[in-house]
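The structure appears right after this line, and notes come after that.
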Amino acid sequence: MIKVGVLGATGMVGQRFIQMLSNHPMFELEVLAASPRSAGKKYKDAAYWYQSEPIPEDIGEMVVVPTDPKHEAFKDVDVVFSALPADLARELEPAFAKEGKLVFSNASAMRMEKDVPLIVPEVNEEHFKLIEIQRENRKWDGAIVTNPNCSTICLVITLKPILDKFGIEAVNVTTLQAVSGAGYDGVPSMAIIDNVIPYIKNEEEKMQTESLKILGEFDGSEVKNANFKVGASCNRICVIDGHIESIFVKTKEPAEPEDIKEAMDKFDPLKDLDLPTYAKPIVVKEEPDRPQPRLDRNEGNGMSIVVGRIRKDPIFDVKYTALEHNTIRGAAGASVLNAELFVKKYL
Amino acid sequence: MIKVGVLGATGMVGQRFIQMLSNHPMFELEVLAASPRSAGKKYKDAAYWYQSEPIPEDIGEMVVVPTDPKHEAFKDVDVVFSALPADLARELEPAFAKEGKLVFSNASAMRMEKDVPLIVPEVNEEHFKLIEIQRENRKWDGAIVTNPNCSTICLVITLKPILDKFGIEAVNVTTLQAVSGAGYDGVPSMAIIDNVIPYIKNEEEKMQTESLKILGEFDGSEVKNANFKVGASCNRICVIDGHIESIFVKTKEPAEPEDIKEAMDKFDPLKDLDLPTYAKPIVVKEEPDRPQPRLDRNEGNGMSIVVGRIRKDPIFDVKYTALEHNTIRGAAGASVLNAELFVKKYL
Amino acid sequence: MIKVGVLGATGMVGQRFIQMLSNHPMFELEVLAASPRSAGKKYKDAAYWYQSEPIPEDIGEMVVVPTDPKHEAFKDVDVVFSALPADLARELEPAFAKEGKLVFSNASAMRMEKDVPLIVPEVNEEHFKLIEIQRENRKWDGAIVTNPNCSTICLVITLKPILDKFGIEAVNVTTLQAVSGAGYDGVPSMAIIDNVIPYIKNEEEKMQTESLKILGEFDGSEVKNANFKVGASCNRICVIDGHIESIFVKTKEPAEPEDIKEAMDKFDPLKDLDLPTYAKPIVVKEEPDRPQPRLDRNEGNGMSIVVGRIRKDPIFDVKYTALEHNTIRGAAGASVLNAELFVKKYL
Amino acid sequence: MIKVGVLGATGMVGQRFIQMLSNHPMFELEVLAASPRSAGKKYKDAAYWYQSEPIPEDIGEMVVVPTDPKHEAFKDVDVVFSALPADLARELEPAFAKEGKLVFSNASAMRMEKDVPLIVPEVNEEHFKLIEIQRENRKWDGAIVTNPNCSTICLVITLKPILDKFGIEAVNVTTLQAVSGAGYDGVPSMAIIDNVIPYIKNEEEKMQTESLKILGEFDGSEVKNANFKVGASCNRICVIDGHIESIFVKTKEPAEPEDIKEAMDKFDPLKDLDLPTYAKPIVVKEEPDRPQPRLDRNEGNGMSIVVGRIRKDPIFDVKYTALEHNTIRGAAGASVLNAELFVKKYL
């Protein structure tokens, strides 16, 4: 059992980390770190618990520590999961890496650094090799591994089997994103009831750049971006959990909807590794009106992307709708799966 | 004053017709027709009134008649507005035309008939000339004039100034559509609270075909479809009124976002005609997070399309977000504006 | 294992029955009955499955039969669960009882019949004795056992420990009820988004009369109603599952909030019976802002009433807020628990 | 024309003040004051405008000033409307009164001070006489006049005609309150989508105490509280604007629902004064399922309380449902109407 800690433990993604790490067969959750305001309190007093399942009992009694890599609580901890806001992440994640910790981060701060792997296990595990370059560059024994933005993860998982089999020339995507993606206080109810906000700061840029890094190839010294274009338009809608994406793909080789469906359905690259959080990455639905967030977001314990309506498009070759549980597959679960894969195969 | 009637007067679009025709300076609302179940009752007893403004008082006391073109109530009526369901429209609208009525229809039944004009006044008024061909073909004195599907209207109004100035090569659009578009009982609350339905029957096909007819050219005998492709993906979301569309356009001539903005902003083709229901067709917003349905849908009394976020796209030349009040600009208001223009200019 | 069937199997409560009876340790789900429209089809084709967990696989393949007590499919079935609409229930439930079946019904039709037990297991199991009188009266070998209306169940479970310990003089309750209580198509989204409907047909009457029967005493020949008054006001709100009730109680003996809390917390009358669906009937929350539907409705697998904010009131002695999962504890789960108790203790 | 200012001009209630005071026939809006962060900016740059009608054009260009009673901008201002948060109101409203201003405040800070009138114009205008006592006590030339909490206003307006005609022994009320009552950022969407929060801090206490002061009698030196009890339970629900209240009243003299209805319907005490913001205080609806927030909240430009479902109750004599537009009638409109009445009749 590897001892782990969570940074930003009281927030929404922090709570998801706790749910996924409590009773985890590989990891033992030893440290909960949060802001000075929370440090010193019992977790159950420090956090307003937003989840519909109660706080795991032992977790509620744990005392929150400050987010300080030199704090003694971290002494025996090998892995930390980061749900820090971007500005704090930029400062603190390197500090933890310097102390020798493996940092699996959901924050955006370090994602696009050239020597930081941006990993989706089913898509680009070979990018873990950037860690060696990172350690050399930065003179530390730890490492920072990031996972992409929630809406990027959904996109690239569905693109990967298409890319492998047919090649990709262009991708267009419009998102309908859940409010939980903005954090608990992120979207006031006044802003979203009977409404849409057709704007999420930096989200389109993240989708357009992160996805090309992830789908790019590591050539031994760096990652070469994938060689196609992604255009995105992002919207916030009145849904609690579950991002919907309308995706259009122009392939290199001709591909019928049935071919795409088969490629997605067969896509299951890590199934033999027995990773605890792993689920079939793509579940294809046949019903004409699926996927739907409320009905499908918990597929594969929230770790499967649910795809439906794979069909022809007059301009692109194929279009389909994808759904992702944004705070599980798109955030905490992404980091945990990264850690599971790394520990199992690369440690 | 021209005497008019409304077919399908008790439903949601029927109610919008009533709101727009009550106290109208050109039209006098004389007849309300509905199903046999409602016929013979006072309107206020026949209809469950869904609007936030009360029923215009005199309207509430009117007695509903059956949807029968030979009913004496229609004797002095020259124009009927149709909010009939498609199957009834296919049978009844021609019957009214045979009786010499001008039928302005929001129904989909006749839209794609070769000799039926599918009109958006700001976009293709010259298609009114199809009426002569229609009368000849069908041996009637009346006429059927249709307006497009709600989501098509929003799209083509924003495309028209781009097409005129820069030409268009391809259009991609993903919609986020309000529940009112499906009629009062169309979307159960169980289906849409905390949810998205990524499917609206036939909607994508309508957007992909209707828009090319509308933006096509009348060559004296028929309408030649516009010569580009439209690809659409349609979603239903938890909003009462107001469709949002994420639109991507590849132009023939190079166009910067500023150029597009200027073209849209200047687009005001019918402003000199003084049509009662006319409003500036496109209102461009500068704020980064607009248009929003709840805040912007009533712009121009619900008749203006509100456009925002005009920006570059990596694949298409430009992308933007458009909002339309779907039961006003996208339905009843569209028919009324068609009738106003026709009466003023072509009668 | 007792063989059971579900009547009204394709509707919302029918689906909950299926979820609760699939893999049940006492019951084997053998027959799914529904309307003629569905009969003859595989269940997965006959029902639009609204639940977020998939249809249990074997269930999906079962062929739906008509709701006919003489149909051979019911031959070996001893127990049927009824999710029929009231009008059909009034006709069909007696027909099943005549065929010797034990009918556990969630329908309202027979609840207030003098010889039909209206049971909440934790509250009035002695009313099962009415079955003997029922059989004598009606000359049948089967029996009809009903459970109350969803909002009544929530109310009486919380009243029972108060009644037992302090007596009750008067009860006032205002409900905030979820849309699922009206069935899948019951509340159009147009009716409830950004809205409240302050009216649910017959609901207040049901709460005001059913609760007095349930809390009444069986004197060997009939149930004498409880001797206090209940006043109710019922509202429909924009929530998927989970009824909230603001309850005010005037007690006979003086009672402090702490006393009420203790009585509720200790209330656990059937805990030793090991009934599969049983959960602690009342879970008391200490947080000032609980219970909340989305966070607390699944407490005890949806079978626990969650109570919070027990406090003094200027007029009544005590007031509190209660939450019930209305389609589980308030519907299917109520019938199943009735059946479990009956089979275990009275068969 | 009396020159007026608004304190807290950028917030939600501040914006409603601006909407109601722009183009007001008695008041000229001269000063917009807000926090130091906003001071010095144009209003349109300082405020995020949440309303569906655009900012009145001249208002958008006004420069915001700090909330300082000695600021020269206030020199010619006689009346200020306060939408300040309670803590700032406690400090700043007296400071403005000291400078000779008439402060009409929507804040809760000073409401229960013995010498501060808590006014609902239709209910207790004689309490304005407290101003003389206030001025004597506090040695200032200005005055502070408050209006009650939003949910209290709705309650007392409907109680007043009952009290006058039948007397009142006890009142019970459960509220379903809109999110706008908590301010723009007050209720995160994560907290309220598919949910209820059965708790609003201090709200029940306000309803239980404020209403007795308002319905009390001024005896020449102080207000004697009304001599009955009010018990309240308050809930936040997923509605933008419009509080619903389920109200139960025990009267002194016997009263049938029809009597109550007639008393409410006739209640129109200020109709002859021609106050610009005045509307019929109570509009009674006959339909069984009204009032509803989305359909009825704008009745009387948002100034009428809409009442429906007046019916008997087993415990109280009568129960009914009332609806109030909480940010108009329950906040800004309440202060403006207070000012109109005071200026017209008492200045």
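Read from first to last, the chains carry the letters A, B, C and D; within each, the first residue is number 1.
Criterion: a residue touches a chain if its C-beta (ideal position, glycine included) is under 8 Å from a C-beta of that chain, and two chains touch if they have at least 3 such contacts.
This one's a predicted model, so the numbers in the text were calculated from it and none came from an experiment.
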Minimum number of chain-to-chain touching steps separating chain B from chain C: 1
Distance-maximising chain from chain D - centres being C-alpha averages: A
Separation of mean Cα positions, chain C and chain A [Å, integer]: 41
For chain A paired with chain D, centre-to-centre distance based on mean C-alpha positions, whole Å: 47
Contacts with 2+ other chains: residues of chain B: 50, 193-194, 238-240, 294-295
Residue numbers on chain D that touch chain A, as the complex places them: 12, 50, 179-180, 184-194, 238-240
Residue numbers on chain C that touch chain D, as the complex places them: 170-172, 174, 176, 193-199, 208, 229-231, 233, 235, 237-240, 242, 244, 246, 248, 288-295, 308-309, 313-316, 319, 321
Residue numbers on chain A that touch chain C, as the complex places them: 50-53, 193-194, 240, 294-298
